[in-house]
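Pasting a structure below so you can have a look.
All chains are identified by letter, namely A, B, C, D and E, in their written order; residue positions are counted from 1 within each chain.
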Amino acid sequence: MTTAPVRPNPLKTRPVGGDRTWLLLAYTAISGLLLVFMRDLVADGPMKMLQPVLFGGFLLSLLFAYQWKAAPWAKMLVFAAAIVFVLPFMGRSNTSYFDLMIQMMIFSALALGLNIVVGLAGLLDLGYIAFFAVGAYLWGIFGSPQFAEVTGNPAFAGGINPAYFWLFIPLAVAAAAGVGVLIGLPVLKLKGDYLAIVTLGLGEVIRIFANNLSVTNGPQGIDAIESAPVPWLNSLAHTLGFAEDQYRLFFLYILVLGVIAVTIVVNQRLDRSKIGRAWIAIREDEVAAQAMGVPLLKTKLLAFATGASFAGAMGVIFAAKQAFIDPKSFDYFQSIGVMSMVILGGMGNIPGVILGAIVVTMLNLMVLPTLSEVLQSSFPNINQNLDPSKYQRLIFGLVLVFMMLYRPEGLLPSERRKHEMHSDDEHPAVDSITTENLNHGGELGGHLRDGSGVETLSPGLATRSDNERTGSEK
Amino acid sequence: ATVVKIATISPLSGSNSNLGLQIKNGAQLAVNEMKAEFAKAGMTLSLVAYDDQADPATGTAAARRAGADKAVLGVVGTLNSGVVIPASAAMAPSHLTFVSPANTNEKVTDRGLKNMNRICARDDAQGPAGADFVMDNLKAKKVYVLNDKTPYGQGLAEQAEKQMKEKGASIVQSEGVAAEERDFTAIITKIQALKPEAIYFGGLYGQVGPFAKQLRDKGINTPIIGGDGFDSDDLTKLAGSGANNIYFTTVAPPVDAVPAAKNAAAAFQKTFGSEIQGFGVMGYDSAKVLLQGILNAYKLNKNKVPTRTQVETAVRSGTFKNLTTGEVKFDKNGDRMTAKMYVIAVKDGNRSTAGTVNVIRK
Amino acid sequence: MLELRDIHTYYGQIHALKGLSMNVNQGEIVALIGGNGAGKTTTLRTISGMMKPKQGSVSYLGQNVSGVPSHTIMGRGMSHVPEGRRIFPQLTVRENLEVGAYTVSNKKTVEERIQEGFALFPRLKERETQLGGTMSGGEQQMLAIARALMVAPKLLLLDEPSMGLSPLFVEAIFDIIERLNKERGTTILLVEQNASMALGIAQRAYVLQTGEIKLSGQAADIAADETVRKAYLGDE
Amino acid sequence: MSILDVQGLTKSFGGLTAVNDVTFQVPERGIISVIGPNGAGKTTFFNLITGIYTPNKGTIQLAGKSLVGLRPDQVVDAGISRTFQNIRLFPSMTAEENIMLGRGVRLKSGYWDAILRSGKFRHDEAEALDTARLMLDFVGLGKWRNELSTNLPYGDQRKLEIARALATTPKLILLDEPAAGMNPRETEDLKALIRAIRDELGVTVVLIEHDMRLVMTLSENITVLNYGSKLAEGLPHEVRNNPEVMEAYLGRGAAAGEHGKEARL
Amino acid sequence: MDLQTIGTILLQVAVGGLSLGVLYAIIALGYTMVYGVLQLINFAHSEVFIAGGIVGYFVFEALKDASLNGYLKLIVACLAAMLVSGGLNVLIERLAYRPLRGAQRLVPLITAIGVSLVLQDSLRFLVGVRGLFDLSVNLPKGFTNSITTFLGVNISLLNLQVKDIILIGVAGLMMLGLNLLVNHTRLGRAMRAVAHDRQTSGLMGINSDSIISLTFLIGGALGGLGGVMFAMKYQALNAYSGTIPGMKAFTAAVLGGIGNIPGAMLGGLVLGWVETFLGVVSLFQGIPGLHWLGAIKAEYKDLGAFLALILILFFKPAGLLGKATTEKV
């Protein structure tokens, strides 16, 4: 009994096309060189719009490396070149790229965490950002002058010894997981959108507390948050020609990479295990799952806590990166944002989710701002009501809508989910018959199956006011 | 010619965008005005406007983007103290100078950053000034204090409350209401029961307007006092029939009080198709301070385009004139040494100056 | 009355019906039999517009209805008892019947037909206000049939109506089918696993195998066919 | 010696008593059928045993251990597994995964094992896969291994459900109308499969069926429910000839032997 | 603190909470209708709702000089707003939700968020950055008058205004009408059938697309009406004004049992009351033994709304009036 478990095939991603090793290398090289050498040429004027194009174009090589059929060494080479050379180089020459890349990775990790909850276990959590807040405030309070305020001990004017940063990552993981369990215990028996709205509410509760309590310094937020002291890395950064104010970002870049790697491994390993199967099972049919021996509450709690713990760890890193946190960074729109990354990218699929995070973050922090800067400088004296910068969110909204209409299954869907989608483009039957509506009587009726045990919550327009469950007596 | 830019960072979208646009357009006006002078010195001047969405994280990212653009020599901004605190800290190592038109929280300058300056009054000047007005002019002894749970509103209300307490007023209640809230049923019920003689509200006109209206609708005519957050023409429009018995402190002079402001107002109206308001005036002045600072640094740098560090020093050490709000000179922390603060009264929908206070920092 | 010509229907990549042609004449009972996955259900779905054939045509009452949405077709006197019953779980028994009569605008007629349904299946009357979803499997099957009868259909498509019914009721159902046909002249297309009984009441039959018609003819002849007996009737 | 012992089981919904004071015993390694008219309470009876409903009254014991109050997943753990009247497979899982999921309840490795890929985990996973293949072959679905369960033909889905239930190594398996939607030919295969479950795997079988040919030839003992109460119990021929059962359930046709499979009892 | 003061405050809370609650309720009805038929949280509803307010406002402006009775103008404004919001909602459904019919449930949720963002900024384009204000100039006479006596009893301390009474009346009528429609008409049954199973509904001759459109029309029209009520109540609005009431209203819908019409109504009221009560509760710190209430300041009132939600769902997982039905396996 030593046969290694083989992954059943519908979950494998199929590489696209024939062997494209050289194409991949060529693409990477060209886009990388373009990015590095054109960056000063496109620094100004309308040409600025090329910045996101070049950067995005280069990032695409990572996607191609993942998707195309190519020699493994070439793929590794592309990843290594990007992560070790090109990206840090860009960061060095332009701090805002550094900031952007780290933010992308933080969101990727958040999206991966939420992916476990929503993508794998099917629990709609609209308050996910609360766990991020737990991590951020945990370190924020201890690792900043706020600690002196809280303890009333001026010895802590700069917070506790920043070396404790390392301790606070696992602490935040534990704390977020703990909060996840605490919140999960009472609410995880709720179904579908009831869960969504309660988690949304809980997210808001945590934010409101942060805004009103004095440990969190209320709306003023906490500033001067420390990061871990890593002198050797700093001197490495120095040798590599990074500016002093980039040292922290350099360190965090490496740290976040590490955390993402761990996140991916955990995500993948759980997905491909008894627990992962149980998550899919409860997502598809709670009653059957339970009747096959899956303990519902425990399994859901595991998903909730695991997802939360990633957010907790990332919170610590976010606090260290921003050096300032306040309740605004944790409002419900942030939860929605992470949710849109997961869905846009492709629920349940790790590369898809990361892609979603990168696309949305890049759109928000690079493409749209650049666009409005270009427009602003082209029309400096425009009527106040027509100001171009105001279309940022509008465009973001349009992008969301069109991306979903164009690829409802996400940019890189998981094979499993793709199947569930059953978009049936070729011949849209009157109402395309999906697995769900075949077995459960419609996507909507399928909602019925959200019931655990046997309780279901009246999904559709609720029926009668009086309780008429059974007929006349016999 | 070398390209030289200044940036504005302010909320251009979202519900604070009205004020953010004022700052941006005020600065744009100053840039338009001084373009020629820069051109003479061989510099092509332009403005880049960044949107911070009133969000600290977005604002910091915007500051980093500005920082990455080597042609940007300084920033006018932001609107919200919560944004400027982390953004200026992030830019401190690269010496990117901020001249703030609107950030009143003490922490903004109390951190002692070299690159952070402001031309507006601090909360601990505004708050006490408002408090003094409540007690000395309105002769109120029972005061209800409300804030909008933003860094600005809360900080300001705290300062005012502190001063009033010191002067022996009784604070019947001090509490908060979310900045987005527009329904004041509960608060008004409370005010009816507590019967204060004055209401101090640390918040913005967008919220105060409806509050005043709802309050007056219930027949309560208690005076409402606040800070520069009230400074918008829209306050009276939003309050409608309730625009009565409202007072606020601000550094921005009433447009008709200063001749310089009148010209700016006319130009603003012509260029952007809407009226200039307090924050537009402040944005205009901040940009002028920054631009004059750059020119000073230019001269010191032997008529070459100055470095950011040089601009930083020049702004901190210079004396700036020809502004709508009077002369600007910064102290060691970047606070304005002397400023005139106005107390504006709103009566029957009309604004008038109810008094002035001279703020002097040592 | 109903004619299918060279129908090809797909589920995504799966080619479920491969050039199927058949017809049902006014006043007939036609049985459609075949093993699991032969495509019987798909055929009915294609007829009633739940699925759109990729190729071929369905004509009903002389009109081409392929690709016409089911709600339009159903408005023209067709009725379909779907596989798996598809009761509206959150509607009461009576409401299920009322929804079945959606296209009937006369309130009195609706009430009459409900009473007829109750007469056919007294259990439904007993459970008039019970939620459809909590009925037992067989009870739901009764409800599904009664619901389909609410429009007094000209053409009735039945997908395994006897599934899950007790022997007593299986007989009753077949009885009802015969009577509908005889007394009201309802044309019936019947899909059944219980092939011998289906062939017992049908005039004609088609045998379907992997999406194609393998055999067709008079029901009695089909019932007598050696291979059919072996494959579908369970004779050794 | 009876493996399952049910005493006085009662369940009502509002005013309706769906299962009324039913006493029921299943001998170890038996094949027992539960029949009865539609709405007699058969499925509800299964739901009570498997913990989906909690009984109003009565006791349920599996090999001496009480099951009342246990959650469904705990009942599976205790050794009772089931299939559903309306098939409930996990549509986006392959046939193999469906079974591996069922096996989960017998696997010892936990959360950390999965993350760390410990030896225990790898052993478990291999074991689950072996079980899945074994079970697929056992029910004759080997070729569908990597097919998504929803793509299987209906009859095969029923068999897959059985395989999934068997993967939990139950002492007792409950089958709710396993032959529904199968033609007589396929029903024959099913009969052989059910026998094999008992003979080769040693699992006790209780089934609900309306297909009398299957019931009469397969079961060793039959319990008849009517309006929630036990109407009759006994050997197939006893039940078949019970006039009350004929009246309530089988109908005259069955006795008269006219047509259809029910006719050929 | 004497009993009379306490009583007065409680009465004022009851009335104030009521007039806030019915506003939530009207908006909540729109959420609940759409949710009921598509199981979709229509994030764009808050914009559909505020669009109604904006339309109503413009109509009012346009009719400023018309020699119509003020209340007639109000009715015209309401009708126009209902038409526009209803139409907008139908349009949204056609463009952003219908193409996603077969897709996962979360997908239309994301397009809904997208549409909401698009609408927010488009509306702002319409009303300008500064929003609209001071509707009161045009309002019917006596509209904001306080009601001081009722049947000869002095009720001035209830703080009741004519507009509150109108608001409450309109909301009550809406709820009754909708409840009748959904539970007792052919159309209502069709809606519920479509909600559960569109395919089978098709087999019953129901055109599910039309039913869904109709539901969006009704939901949107309710939103539009709510928007006008909102504009009347606060007399100022901008493109973002819909967000907070929208979120509260959705909470109310869930709290009452989503998909349930009386539930939405009750949920709105409960929320209105809880919020208002928590806003004033610190007044009761004067009562012996209750001084700790002083810590519950007004800033906690939103917290209270969500805590109420969580608490209620903890004990009644289907909301106040939603009922947990049993799924038969």
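Keep this in mind: contacts are C-beta pairs under 8 Å (C-beta built on N, C-alpha and C of every residue); 3 or more make two chains touch, one makes a residue touch a chain.
Bear in mind that the values here come from a model prediction, so they are computed numbers and not experimental data.
By mean C-alpha coordinates, which chain is most distant from chain A?
C
For this structure, which two chains have more C-beta pairs in contact than any other pair?
A-E
Going by average Cα coordinates, which chain is farthest removed from chain D?
Comparing chain centres, B lies farthest from chain D.
Which one of the chains is closest to the middle, using the mean of its C-alpha atoms?
Here the chain at the core of the arrangement is A.
Roughly how far is chain A from chain C, going centre to centre by Cα mean, in whole Å?
Chain centres of chain A and chain C, defined by C-alpha means, are spaced 49 Å apart.
Rounded to the nearest whole Å, what is the centre-to-centre distance of chain B and chain E, using the mean of the C-alpha atoms as each centre?
36
Report the inter-chain centroid distance for chain A and chain E in whole angstrom, where each centroid is the mean of the CA atoms.
One centre to the other, that is 32 Å.
Got the chain E residues that touch at least 2 other chains?
In chain E, residues 121, 129, 192, 195-197, 199-200, 202, 208, 299, 302, 325-329 touch at least two other chains, as defined above.
Hunt down the residues of chain D that sit against at least two other chains at once, touch-wise.
Residues 13, 43, 47, 52, 84-86, 88 of chain D each touch two or more of the other chains.
Mind pulling the chain B residues that touch 2 or more other chains?
In chain B, 13-14, 17, 21, 149, 176 touch at least two other chains.
Name, in rising order, each residue of chain C that touches chain E in their complex.
Residue list for chain C touching chain E: 48-50, 69-72, 74-75, 79-80, 82, 86, 88-91, 95, 98-100, 102-103, 131, 133-136, 147, 151.
For chain B, which residues are in contact with chain E within the complex?
On the chain B side, the touching residues are 13-15, 17-18, 21, 146, 149, 173, 175-178, 180-183, 185-190, 192-194, 209-210, 213-214, 217-219, 234, 237-238, 240-241.
Help me check something: in the complex, which residues belonging to chain A touch chain D?
Touching chain D: residues 1-6, 8-10, 265-266, 269-270, 273-278, 280-281, 284-285, 287-296, 302, 416-417, 419-420, 435-436, 438-439, 453-454, 469-474 of chain A.
Can you list the residues on chain E that touch chain D in the complex?
On the chain E side, the touching residues are 326, 328-329.
Enumerate the contact residues on chain B facing chain A in the complex.
3, 12-14, 17, 21, 25, 28, 31-32, 46-51, 54-58, 60-62, 64-65, 67-71, 82, 85-86, 89-90, 92-94, 105, 107, 111, 149-151, 153-155, 176, 271-274
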